[in-house]
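Before any comments, here is the structure.
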Amino acid sequence: MKRINTAQLKQLVEAAIFVAEKPISKQQLKETVLNEFTVADSTLSKVIKELKLDYQPRGIQLVEVASGYRFQSLDALSPWLSKLWQENAPKYSRAMLETLALIAYRQPITRGEIEQVRGVAVSSNIIKTLTERDWIKVVGHKEVPGRPALYATTKGFLDYFSMASLSDLPNVDTFESMAESIASDSPLKVLNEAPSE
Amino acid sequence: MSELVKEENRDNAPPIKEGLAAPVQQPLPLAFINGEALIKKPEDLFIPPDALEVILETFEGPLDLLLYLIRKQKFDITTLPIATVTKQYMEYVDTMMALKLELAAEYLLMAAILAEIKSRHLLPKRSDDNEEEDDPRAELIRRLKEYELVKQAAEDLDTQPRLERDIFNAHVEVSESVAPIRIEPDVSLAEIVLAFSAAMKRAEAFEHHTIEREALSTRERMSLILSMLNTSQYTPLERLFTVDEGKAGVVVSFLAILELVKEQLILCIQAGPYAKIHVKLGSHEEN
Amino acid sequence: MKRINTAQLKQLVEAAIFVAEKPISKQQLKETVLNEFTVADSTLSKVIKELKLDYQPRGIQLVEVASGYRFQSLDALSPWLSKLWQENAPKYSRAMLETLALIAYRQPITRGEIEQVRGVAVSSNIIKTLTERDWIKVVGHKEVPGRPALYATTKGFLDYFSMASLSDLPNVDTFESMAESIASDSPLKVLNEAPSE
């Protein structure tokens, strides 16, 4: 195993995060570009921290999302940067966003449970679109008659919304404490009496 | 029960034309909200007929519509004024049905739930009733609160910075000297031995003659000598021997040279008796 | 037309070059991200020059190519960055292994001689792959019509199999009797069933 000095390590890590096609984790860095060097975890963390600071005043930022590190443009520049593309960013329907929010905040959750909360049927198209975007996936099946699929969000979802983990979801604490208080107000078993599909 | 509402004739009720136009039977307050009488119909109840389809698309189902009705009039969900809300909800549903718009079954189901809650409230309470057990009103309130929470979560999620809209990936091209690395497959020595053995066995079975097996060191030396020689210039024979290999090395080299001559791969010449021997690539036949 | 200060202009130009999918020219910058600002050509050139200098000590560089400006990785980092695109080559075919074995045991040998033993043609691809892997090389030409190349194994071949010389190659007969004696416990002969080309 060769040695690498901190300056070279920093250059290599910086370039690797920039040229990688997806966010790259420390583990992936160690298995690829750094695989012939002896690099302590603490050194790697230190270098990444330095890079974050280096870019703080710049137009792009080094951020950590669910599947690793990536450089992304400064949020505040989006009104001008979006002019680089002819098409506007896709807009998502309320039905899609509510379904996604329920899966994000209440995962793992079945389609039937989503329908119970929303009071309407969830179209198959929504589930299909969310799956194709790699935002949700089936993580198992609920052991009830019909064994419905249990949905959860993916790393791709967190990456897209620039989050490192589910705890970065907006108002996650408020949501949870409120959900608990609602549940304690009236017995949860009432849920079972809600109209089924 | 704080609300007092006159039962409406649902089948004959004309669609509300405008917010301020009072329907025929309207002498009583619409509702008492927290003790205050509500006489005027809320203006937003006016629905232009061509907007109905839009409304169906605007509301994400009956819970959403109910929430809208409650919020618009600044009611409190926890004191859900069931009679007022039911009445307004029915007006929407009736108008939609009158216009033969396809109404999702969920809207009708909610209408039935609201009607049931209302009728229960009209009945005198029985003292032995255990209301806590299955109060449909409490259940509806719980569902409305829960749905409102999800609606808010969806809105929050929509404002979360996201790729393609608020943030963009910073991507850098690799310099031209970056080339994908191919990881070559591993081969074990056993595989080579077995491959050789298999090839030889097939050849023997096929050609019915045995193939002589020379010492490998000789064949290796043959390769080495060949790579030291060329076709144009003669090389002195002694340069093919290395002293530090000792006697065994000389023997191997000598055997290799004999084999190369036999296979007509090299050419040996000697100018006269006891003169130096020179070698070069090529065969006697050609010269 | 709005004004933009130099610091903001620099951030915006930097981010635009980073997020644009292709190299971007000054003209394109002015028509897109800068279209609502008054920016003098000289100011834009100055900002780009500053950015070039800012990145000079870093792992990526701002360069001008035919169609505009783009960031690209430092040339010197290529050997390591290449590792981000690793691919596994397919396993060697039986023809490949037999060819290699014949060259190892019967060197120096011509392609025609290998074909004689194997009874089938040896594809140029096999010779090419083995040569590229630096396991075989041409050590001369047989002085017969056509002057066919004589192949031998290389030092790289010996190194890969941790042998000092070819005499370390196992004796086939001894090897086989050993293999047979352990064949009952471990199915070594399965190796013979490797898929052919």
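A few remarks follow.
Each chain gets a letter, A, B and C, in the order it is written, and its residues are counted from 1.
In the analysis below, a contact is a pair of C-beta atoms (placed from the backbone, for glycine too) under 8 Å apart; a residue touches a chain by one contact, two chains touch by 3 or more.
Given the structure is predicted, the values throughout are model-derived calculations rather than measurements.
Summarising the inter-chain layout, the chain whose CA centre lies farthest from the centre of chain A is C. Across the two interfaces under comparison, A-B and B-C, the one joined by more C-beta contacts turns out to be B-C. Here the CA centre of chain A is 34 Å from the CA centre of chain C. Note on chain placement: the centre of chain A and the centre of chain B lie 11 Å apart, centres being C-alpha means.
Averaged C-alpha coordinates put the centre of chain B at 29 Å from the centre of chain C. Contact of a single residue of chain B with at least two other chains is seen at positions 168-174, 178. For chain C, residues touching at least two other chains, in rising order: 15, 18-19, 60, 71, 73-74, 77, 81, 83, 86. Taken together, the chain A residues at the contact with chain C in this complex read 10-16, 18-20, 32-36, 58-60, 71, 73-74, 77, 80-81, 83-84. Of all the residues in chain B, the ones that touch chain A in their complex are 60-64, 104, 106, 109-110, 134-135, 138-139, 141-143, 145-147, 149-174, 178.
Listing the residues of chain A that touch chain B in their complex gives 15, 18-19, 21, 60, 70-73, 75, 78, 81-82, 89-90, 92, 94-95, 97-98, 100-102, 104-105, 117-121, 159-163, 169-171, 175, 178-179, 182, 185-186, 190, 193-195.
Across the interface of their complex, chain C is touched by residues 168-185, 187, 189-200, 202-203, 206, 211, 213, 215-217, 219-220, 222-224, 226-227, 229, 231, 263-265, 281-283, 286 of chain B.
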